[in-house]
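Two complexes follow with chain A in common, the first pairing it with chain B and the second with chain C.
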Partner chain A sequence: MPDFHLECFQNEYLAEGAREVNAVVTITASGGGTAGTDGAGDASGGGSVEVIVIDTSGSMGGAKIRAAREATGAAVAAIKDGVRFAVISGDNTAHVLYPPNGGLATASTQTRFEAQRATDRLQASGGTAIGSWLSLITSIVQSEPGIKHVILLTDGKDEHESPETLQAAIEGAKGIFQCDCRGVGTDWVVSELRKIATGLLGTVDIVADPAGLAADFEAMMTQAMGKSLADVNIRLWTPQGASISFVKQVAPDLLDLTDRRVTLNPLSGDYPTGAWGDESRDYHFAVAVNPGNVGDEMLAARVSLVVNGQVAGQALVKAVWTDDTALSTKINRQVAHYTGQAELADAIAEGLEARKQGDMETATTKLGRAVQLAAQSGNTDTAKLLAKVVDVEDPVTGKVRMKSKVDDADEMTLDTRSTKTVRVAR
Partner chain B sequence: MTPALVCPSCGDPVAEGDEFCETCGTRLHAPPPEEGTCPKCGARADQADPDGYCGRCGYRLARPNDHVEVEAGTMALVTDKGLRHHRNEDAGVLRAGTGFSVLVVCDGVSTTANPDQASEAAAGAFADLVEASLSGHDPSPEDAAAALVEAVAAAQKAVLGVPQEEPGGYPQAPSSTLAAAVIIGEEMVTTNVGDSRAYWIDATDAGGSRQLSKDDSMAEAAIAAGESPETAYARRDAHTITHWLGADAPEATPRTQASLAAGPGFLLVCSDGLWNYYESPESLRELILAGSAGVNGETTLETARRLVEAAIAAGGHDNITVALTALGPQAAPVPAPAPAPEEAPAPKEAPAPEVPPGEAPAPEEAPAPKGIPAPSGKETLPGEAAVEAPPETPAGVTAEAAAVQPIPEPSEPSTDPRPQPSETETKE
Partner chain C sequence: MAEAICPNGHLSDTADYCDQCGAKIGGDPSAPVAPAPETPAPPAAGTPAGPTKPCPACGAPNAEGDKFCEACGYDMTLGAPGVPAPSPAAETAPAAPAPGETPPEAAAAPAGEPAAPAAMASPFSTPQVASGRAFAPAAWQAVVVADRDYYDRMQAEEIPFPAVYPDRVFTLTTSRSVIGRRSTSRGINPEIDLSGAPEDPGVSHMHAVLVGSPEGGWTIIDPGSANGTFLNESSDPIPNNLAVPVADGDRIHMGAWTTLTLHKS
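This part shows the complex of A and B:
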């Protein structure tokens, strides 16, 4: 089991009467190794499960389905011996392409070879009903122990089922498996895949050019193989009278966990964080507490990391009331930075939405603000993506002009990656 | 005079009989918290978490150094976190050696990382070095001055060892002030860095009390540059310190000050939590003697405690640390002939003080304030101390009339002019 180290960044000093406590907690896992070199799974004693689901709707024909075959083959090749896996073909319904009798196969030289052969039989025909894919996966993997991870590829809108069906499928899969979503081409809907990825603690990204798919799948599978610990929860204790404003993962990307709370008792609740390998993530906590008197100190939150029911590390978030403005007006760099990163993501989302609605004035203002925030925080990747959507006149003031013609792929890439954050330069 | 009532929570004045503080709304006559319960919400002690917080309301439960009282030889030290700070960032150490005594007070700078650890490390390292340096021989005041300079360097080094980061994430290097005194017989050798202070409080001569230390502050810098003390102390940055112990401290050779405790009195070393309310030597003298001249007298510890309580009653805005020792008169020649002690009727209003046997003059011969035994120095000769003041002089009342040796003007044996403070190198 990896060692977890939690580090808290905050300004605990509050002015008299203030009640909002903000803290960024960096959680770093190290020494966990990978998911067992034999693929026998994580330290919790379970195995691990990988499912690749490929959209085989009619629109996938041609270059996209060829790229999908190649990418699936590359991903299968990266699966470690002993990992239980399946390849699923999804259109109006879903069916297991490999193993031939359904269920899961155990990875070995033989089964990986067979799976790659089967992958070559992927054919594009039919519609898109992603909820039905998720439901099939849930039924296959839910009784399996260990880390359960899904790679989902689609190229189009989820148009052959109702949004409610998709939502119900996501709800049914929560806590069962994690799902990384990829959209190939530009005909899919960012908000749909984001909803799946957010609900299932995964990532979402665009692969605009099918030629890039194989490398992306292989990288995703390799990263998944590096996870050694399933079901890690953040347990948050807050004092009586406190209310939780939000709990967010803020690095490597934004993921709002506020509504994911599983209440344990009136003062404590758990938030899921999915599987962990050797990695580091940042979380932003905002808690409103009953204001104390000047000179009072309060534990505003206790952040514990719970692995298999055991506390693997913790950090204390404090509140100290002072009338010394030199203390209370200091702004913690990490908190300010991630507040800015969240605002950056919001500004992009709102700017792109306004642009879609034809409200160019709002779009220019929001995307200009985004350009400014990206420049200030050193988020150069996002700054580059923004520059493909707007002409930047001055990144310092955020003065921009809307481009008259924007490539769909560029707009979708900006939309998809707007939640990518950078860490504070130390 | 009845002491002014203040709210225990915010320090603002309240009237007797008020049920709530009008400033902060704290209930004034709430029943005292039951032993072992959270003073904020009343949760049982078994709900406290292992980190020292109430498991229900999160309130920080008492820390061991919130209030500390120490006695060593004839010295006493009381430190308290006060009313408006969440922790005690002051620290103090007393050491009673053979032939010398050491008193150290350090005040961690709040706006830096781990100031509580900085002050504790500084005070401990300072006292250790002085003790090691002066033990095993009959130290002279010159030895003491040299030891103080070395000890400041040791304290500086100790502060450098304090973790630079604390969870709050303050980038400023841990920092502390320091004020200290070594007493050898009637010689007091003091040093200071920052705005913690040392005072000589003359028990008999009302005009004889003086501040022995000199603040390293913007106010003092302004005075040195020609401003009047009134305007200098009215500056916004008057209390900003220009020297401190810490990684980012400006380089300076510490100044030492040798002074003679020629009469009965007190050496006081304190943090600004006290002198912010009692700044002048006269006000401190009045405060100290108010108790010593009382009917039953008090120990040095009781006096120190009373000073801390006075600062709290005045608002208790900062942490308060008081290190105090009573110094008895040494065999200084007394110019004015005094009546023979046995012929003088003892003043009825001033009954015999209670002093530890063998450390002080006989009661009827001691008109000086109570609780002023000689330090555990090498030349404590009870008989010699008795002739300092006329017996009809009740302590602290007509002490001006007492024929005592005035404290000499300060000589500064190892003064090293420090660089003028620069505007950029200051701390609030």
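This part shows the complex of A and C:
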């Protein structure tokens, strides 16, 4: 089991009467094993499950399905011995392509070879009903122990089922498995895949060119194999009378966990964080507490990391009221940085939405602000993506002009990756 | 299982901060800390060092984080005058004890000896049964009050007069009763213990000693208190280390506002 280290960044000083306490907590895991055989004996209960689900709707025909076959083969090759896995093809319904009798196979040289042969049979025909794919996976993996990770590939809109069916399938899969979503081409809907990835604690990304799929799948699988610990929760205690404004993962990407609270008692709740390998993530907590008198110190939140029911580490978020405005008006650098990163993501989402609606004035303002924020915070990847959608005149003031012609792939890439954050340069 | 009680009175399973209200447990580190724990009573008297806030009731300066006013015992948490901490040791119920309960053992320092420095050096050793002469069985009481007239004469303005001070009645049960304020660190455990809120900071830990004579009378000796001991409105303190006879009804003044009145029942 990895060692967890929690570090709290905040300005605990509040002005008289102030209520809102902000803190960024960095959680770093180190020294853990990896999935499969390496992790078989660790506290996660041993083993892990990998499922690859490939969209085989009619639109996937041609280069896309060939790339998907190759990518699936590369991902299967990266699965470690001992990991239980399956390959599923999805259209109007889903069915298990490998193992041939359904269920899950145990990875070995033999089964990996068989699975790669089976993926060659992937054929594009039919529609797209992603909810039915998720439901099938849920039924296969829900009784399995350990880390359960799914890679989902689609190229189109979820058009052969109702949004309610998809939402119900997401709800049913929450807490069962994590799902990284990839959209190939430009005919899929960012908000749909984001809904799945956010609900199932995964990532979403665009693979505009099918040729890039194999490398992406292999990287995703390698990363999944590095996870050794399932079911890590953040336990948040807040004092009587406090209200939680939000709980967000803010690095490596934005993930709002506020609504994911599982209440333990009136003062404590758990927030799921999914599986962990050796990695570091940042979380932003905002809590409103009953204001104290000048000189009072109180605990505004106790952030504990709970692994298999055991507290693996904790950080204390404090509040100290002062009449020294020099102390209370400071904003912690980490908090300011991630507040900016969240605003950056919002500005991109709102700017792109306005652009779609034809409101170029709002789009220019919002995307200009995004350019400014990206430049200020050193988020160069996002700045580059923005530069493909707008002509940047001055990144310092955020002066931009809308490009008259924008590539669909560039716009979707910006949309998809708008939640990527960078950390504070230390 | 609860590990701690927070300043707001909650039982908390966590010892650092209250697991109910988040209040810091263990006090403000900037508050004055006595060299050693001074019994459950508030810390040693005097103007606290560090940040202060006035008592809402009497205005006396108190260390931030104090739960009771040092001067008048006002309860800072509940916002009500505090009930004075029960003084341990010699304090008894105000009712006069039945004759049979008066101390039978009663050893006395032999007459003429009470002022001897040797006796002063260890005034709290257990009463010696020395001469075999019986101690007068008459029950004597010392009634301690906050004396406004004496306070006004003393003009100790830096020490506020307590808002609430229930009379304390001590029955003199040994031949020698030390008047003072308990100090664990200095090993002083007076029979007439005036510690506990509201506490007169002008009373020394080891202020004076009442010594019973074999004839049944009492003398008072001030072994060298910081602020002196006064008898019956006198403006001059009694001399140090000299046994001064006291009688029924005599008033012994000490500190800023403390007056003991002796009563023979």
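Methods note: the second predicted complex is superposed on the first by the 419 of 426 C-alpha atoms of A that agree within 3 Å, B and C clash if a C-alpha of one lies under 4 Å from a C-alpha of the other, contacts with A are read in each partner's own complex, and residues count from 1 in each chain.
Convention: a contact is a pair of C-beta atoms (placed from the backbone, for glycine too) under 8 Å apart; a residue touches a chain by one contact, two chains touch by 3 or more.
Model, not experiment: these values are computed from the prediction.
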{"item": "Room on chain A for both chain B and chain C (clash or fit)", "value": "clash"}
{"item": "Partner chain in contact with A:Thr322 - chain B first, chain C second, else both or neither", "value": "first"}
{"item": "Chain B versus chain C, judged by how many residues of chain A each one touches", "value": "B"}
{"item": "Contacts of A:Gln341 with chain B and chain C, given as first, second, both or neither", "value": "neither"}
{"item": "Which of chain B and chain C A:Gln240 touches, first, second, both or neither", "value": "both"}
{"item": "Chain B versus chain C as contact partner of A:Ser48, first or second or both or neither", "value": "neither"}
{"item": "First, second, both or neither for A:Thr56, with chain B first and chain C second", "value": "neither"}
{"item": "Chain B versus chain C as contact partner of A:Gln10, first or second or both or neither", "value": "first"}
{"item": "Touching partner for A:Met298 - first (chain B), second (chain C), both, neither", "value": "both"}
{"item": "First (chain B), second (chain C), both or neither touched by A:Lys330", "value": "first"}
{"item": "Contacts of A:Thr119 with chain B and chain C, given as first, second, both or neither", "value": "neither"}
{"item": "Part of chain B, among the options 151-159, 313-321 or 403-411, whose backbone runs into chain C after overlay", "value": "313-321"}
{"item": "Common interface positions of chain A, toward chain B and toward chain C", "value": "238-242, 267, 289, 295-300, 302, 316, 319"}
{"item": "Residues of chain A touching chain B in the complex", "value": "7-13, 238-242, 267, 289-290, 292-300, 302, 315-316, 318-324, 326-327, 330, 332-334"}
{"item": "Chain B - residues contacting chain A, complex", "value": "9-10, 24, 26, 40-41, 49, 51, 53-54, 56-60, 81-87, 110-111, 167-170, 428"}
{"item": "Chain A residues touching chain C - in the complex, by the definition given at the top", "value": "237-242, 267, 289, 295-300, 302, 316, 319"}
{"item": "List of chain C residues in touch with chain A within their complex", "value": "14, 16-24, 28, 51, 53, 64"}
